[in-house]
Amino acid sequence: MSDMTWFVVLSTVGAALAIALGVVAPGIAMGRAISQALEALARQPEAEKAITRTLFIGLAMIESLAIYVLVVVLIILFRNPLLEYLLR
Amino acid sequence: MSDMTWFVVLSTVGAALAIALGVVAPGIAMGRAISQALEALARQPEAEKAITRTLFIGLAMIESLAIYVLVVVLIILFRNPLLEYLLR
Amino acid sequence: MSDMTWFVVLSTVGAALAIALGVVAPGIAMGRAISQALEALARQPEAEKAITRTLFIGLAMIESLAIYVLVVVLIILFRNPLLEYLLR
Amino acid sequence: MSDMTWFVVLSTVGAALAIALGVVAPGIAMGRAISQALEALARQPEAEKAITRTLFIGLAMIESLAIYVLVVVLIILFRNPLLEYLLR
Amino acid sequence: MSDMTWFVVLSTVGAALAIALGVVAPGIAMGRAISQALEALARQPEAEKAITRTLFIGLAMIESLAIYVLVVVLIILFRNPLLEYLLR
Amino acid sequence: MSDMTWFVVLSTVGAALAIALGVVAPGIAMGRAISQALEALARQPEAEKAITRTLFIGLAMIESLAIYVLVVVLIILFRNPLLEYLLR
Amino acid sequence: MSDMTWFVVLSTVGAALAIALGVVAPGIAMGRAISQALEALARQPEAEKAITRTLFIGLAMIESLAIYVLVVVLIILFRNPLLEYLLR
Amino acid sequence: MSDMTWFVVLSTVGAALAIALGVVAPGIAMGRAISQALEALARQPEAEKAITRTLFIGLAMIESLAIYVLVVVLIILFRNPLLEYLLR
Amino acid sequence: MSDMTWFVVLSTVGAALAIALGVVAPGIAMGRAISQALEALARQPEAEKAITRTLFIGLAMIESLAIYVLVVVLIILFRNPLLEYLLR
Amino acid sequence: MSDMTWFVVLSTVGAALAIALGVVAPGIAMGRAISQALEALARQPEAEKAITRTLFIGLAMIESLAIYVLVVVLIILFRNPLLEYLLR
Amino acid sequence: MSDMTWFVVLSTVGAALAIALGVVAPGIAMGRAISQALEALARQPEAEKAITRTLFIGLAMIESLAIYVLVVVLIILFRNPLLEYLLR
Amino acid sequence: MSDMTWFVVLSTVGAALAIALGVVAPGIAMGRAISQALEALARQPEAEKAITRTLFIGLAMIESLAIYVLVVVLIILFRNPLLEYLLR
Amino acid sequence: MSDMTWFVVLSTVGAALAIALGVVAPGIAMGRAISQALEALARQPEAEKAITRTLFIGLAMIESLAIYVLVVVLIILFRNPLLEYLLR
Amino acid sequence: MSDMTWFVVLSTVGAALAIALGVVAPGIAMGRAISQALEALARQPEAEKAITRTLFIGLAMIESLAIYVLVVVLIILFRNPLLEYLLR
């Protein structure tokens, strides 16, 4: 197998697994935050505004973690900076 | 085995495993959010509107994580940008 | 073993394992949602309509995750787009 | 070992493991749903109709996941579409 | 080792492991359902009929999962459809 | 190592492990059901008849799972149908 | 290594591991049942007879699982039916 | 390495691991039963006789599981019946 | 495969896996902190200011952990200081 | 490596790991029994005699499990009965 | 592959994995401390000063653990003292 | 690698791992016993003498397990009885 | 690969992994101690002095464990005593 | 690779991993003991003296486990008694 093939194959597989593993923690965290928000809503309906605001800021923070993984995966698939050493 | 075969085989297997693993966290998170929403509904039926709205926004956020994985998997199966280095 | 054999064998095995793993999370999530709905029904029978509606929308969302996996598995078994590079 | 032998052996083993793994999540989910239904029945006997109906719809949804796996396993054992590439 | 030996050995081992793994989830689910039914009986003895009926339907549903595995295992041991490709 | 040796050795080891793994789930399920029955007896001594009957039916259902495994193991040790292909 | 050596060594090791693994589930189940029986005794001392009877029947059922494993292990060590194919 | 060496080495290592693994479940079960007995004693001191009797019968049942493993291990170390096939 | 190829491939795969694993703990920690903040809000709405301030400082501390991983990953992808030893 | 070296090395390593693994379950069980005894003492100080007696008998039973492992390990290190077949 | 390549590649991969694994425990610990602080704030708002001070000292202690890992990783990437033995 | 080297290297590594694994269970058990003793002290300060005495006897029993491992490890490092077979 | 390269590479990777794994337990322990201290503060604000003092002594004890690992890692990176045998 | 290199490399890596694994249990145990002590302080401030004394004796016992590991690790790094057999 040529060098380039190794690179292409392992990058592809690595990217697929990385995104699959990388959404695990954000997914669990979101599920936890949302379910707690729903419970808070049921217990203190009049605090809906504060609860919703805190929830959305929190979801944005968690989403940022998934975005980090997605960005690294897309860099690897579309613009891998290490590729230039291979093409030289 | 030729280079292209390696690429095709491992891409296929990697895509299948990635989507299978990638729905784990969203699935668990959805199950948690929905079950908590049902409990909230049973405890505070009059807050149904707020609960349902928060639940749906939350499910959309979680679904986005599964979509990230699906998109990467479909890119790998249909339009892998690294393929051009292999076909050169 | 010829290239095509590798492809066929690993695609078959990969598809079987992917669908087997891919229903884990939806299954657990459904079990959780349904059991919570039953508890909610037992606690607040008069909210049956709201509970049932939320449950079914939730089950549909979870089912969509299993469908993603099934679709990728069927694409791999019946119409793998990467196959053309192998047949060339 | 000939190509066909590899295919037959790995398909057989893969199918056996896939069905064995694939009933794990539905099994756990069913156990959870049924046990919760029984608890709901004990707490609110007069809501038996609503509980039973929700339970059966839920079991059908969960059973569908096991059916997905069974269908893929039977496709692999009896009518594998990839087999034609091997027999050519 | 001849081709047929591989097939026979791996089919045998695969079948043994598949049935051993395949009863895990049904077993756990049954244990859960039965123990909950006993608790429900202790809490609400007068609902015995509804509890028992729901329990038996549930056990039948769970047993069906174990049967799926057993059927696939017996197909593999006694009438493997893929065997004809090996005997040709 | 001759073909037959492979078959005999792996069948033996596979059978030993399969029965060892196959009693895990029934064992846990039985422990759960019995302990719950004892708790129910302590809480509702006058419902002893209904509890005992439900427990014994449940234990029989669970035992059936262990029997499935034992039967497959004994088939493999004493009357493996695939053996004829090996002796031909 | 001769064929017979393989058979003897792997049978021995397999038997040792099988019995070691096979007592795990019965052990845990017994611990659970006994501890629950003790708790029931402490809560309802006057139901001692019913509790003890149910406990002993339960322990016998669980012990049967360990006996299955022990029987298969002893068959393998002392009277392996597959041995005749090896001695031919 | 000669055949006999393989047999001796693997039997020794297998026996050591088997006894180490085989006391896991009895140990956990004993810990559970004893701790529950202590709790029962603290809650119902006047039922000490019934509690102690049930505990000791239970510990004997659990000890029997560890004895099964010890017996198989000692058979392997001192009087392995399969050894005669190796010495022939 | 040339030295440089090894370096490029393993760096790429390592970076993808590192970022995927590195967001696990921060994700779980965020989910925990946010859900607890929501619960605190529901219990003590008038302490919203103190709760929100503590939450945001905490999220920043947790985010710093994810940033450490991201920085090391980007160093590896864009400016690996060890690369000079390879290019010499 | 000579036969005897294999035997000595693997016996040594196996003995070390076996004793390390073999104290896991007794350790956990002792911790559980002792902590429960302390709790019982705090709840029912006047039952100290019965509690202490039951605890010590229990600890002796658990210690016996660790002794089984230690005995097998020492047999392997100092007086392995299988050694005679190796020295012949 | 030359010696230096091995060193560079494994150092890079090792550093990436070490930082990814090294933030797990601090992340979980921080999540726990912060969520408990939030709960304490909700229960005892007037103790805000003491709670916040203890929290920040605690977070600094936990952060120090992550810093240890980061320092070792940066030493490996930028100033590995063992490198001189390799360059000699 | 000479025989003696194998022996020395594996004994050293085995001893290091054995002591590292062997303190796991005693450590957890001690933590449990001590924390429960502290809780008992807080609930029943006047029973301090009985609690402390039981705790110390318990800690000694648990410590004995760690000593077993340490003794075997030191035997292996300093006075391995199997070494004589290697030096002959 | 020369001997020295092996030594340098594996020492580097081992050190990185050791520090990453070695902070896991101290991190979790600190998180637990701090969160409990915060809860104690919220429940008994007037005992702040005793709580803080106990907490800091405890954190120092836990930190000592992380320091042990860090010291061994730094010894390996900067002053490995075994290195002299390699340089001879 | 020469014999001595193997010895040095594996001793170094083994020592690093052993100390990293060996502090896990003491760390968790300390965290548990300290957090319980803090809770006891909050519940029974006037028993501070007894609590603190018991805690410190307990921490010393737990610390002894970590010291066992550290001692074995330092023996291996600085004064390995098996080294003399290698230098002969």
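Order as written gives the chain letters A, B, C, D, E, F, G, H, I, J, K, L, M and N; numbering starts at 1 within each chain.
Note that in this section contacts are C-beta pairs under 8 Å (C-beta built on N, C-alpha and C of every residue); 3 or more make two chains touch, one makes a residue touch a chain.
Labels paired with UniProt names: A, B, C, D, E, F, G, H, I, J, K, L, M, N = ATP synthase subunit c.
In this text, all values refer to a predicted model and were calculated from it rather than measured experimentally.
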Could you name all chains that are in contact with subunit D (ATP synthase subunit c) and with subunit N (ATP synthase subunit c) at the same time? none
Chain-contact steps, minimal, separating subunit M (ATP synthase subunit c) from subunit H (ATP synthase subunit c): 4
Centroid distance [mean C-alpha coordinates] between subunit F (ATP synthase subunit c) and subunit D (ATP synthase subunit c), Å: 21
Chain centre separation (subunit A (ATP synthase subunit c), subunit L (ATP synthase subunit c); CA means) in Å: 43
Suppose each chain is reduced to the average of its Cα coordinates; what separation in Å results between subunit K (ATP synthase subunit c) and subunit L (ATP synthase subunit c)? 30
If you look at subunit M (ATP synthase subunit c), which of its residues touch at least two other chains? 7, 11, 15, 17, 19, 21, 24-26, 28, 30-32, 35-37, 39, 41, 43, 55, 66, 73, 83
What pattern do the touching chains form: line, ring, star, complete or other? ring
Successive chains along the ring, subunit A (ATP synthase subunit c) then subunit I (ATP synthase subunit c) then the rest: A, I, K, M, N, L, J, H, G, F, E, D, C, B
If you look only at subunit E (ATP synthase subunit c), which of its residues touch subunit D (ATP synthase subunit c) in the complex? 1, 3, 6-7, 10-11, 14-15, 17-19, 21-22, 24-26, 28-33, 35-37, 39-41, 43-44, 46-47, 50-51, 54-55, 58, 61-62, 64-66, 68-69, 72-73, 75-76, 80-83, 85-86
Could you pull out which subunit L (ATP synthase subunit c) residues touch subunit N (ATP synthase subunit c) in their complex? 1-2, 4-5, 7-9, 11-13, 15-17, 19-21, 23-28, 30-32, 34-39, 41-43, 45, 48, 52, 55, 59, 63, 66, 70, 73, 77-78, 83
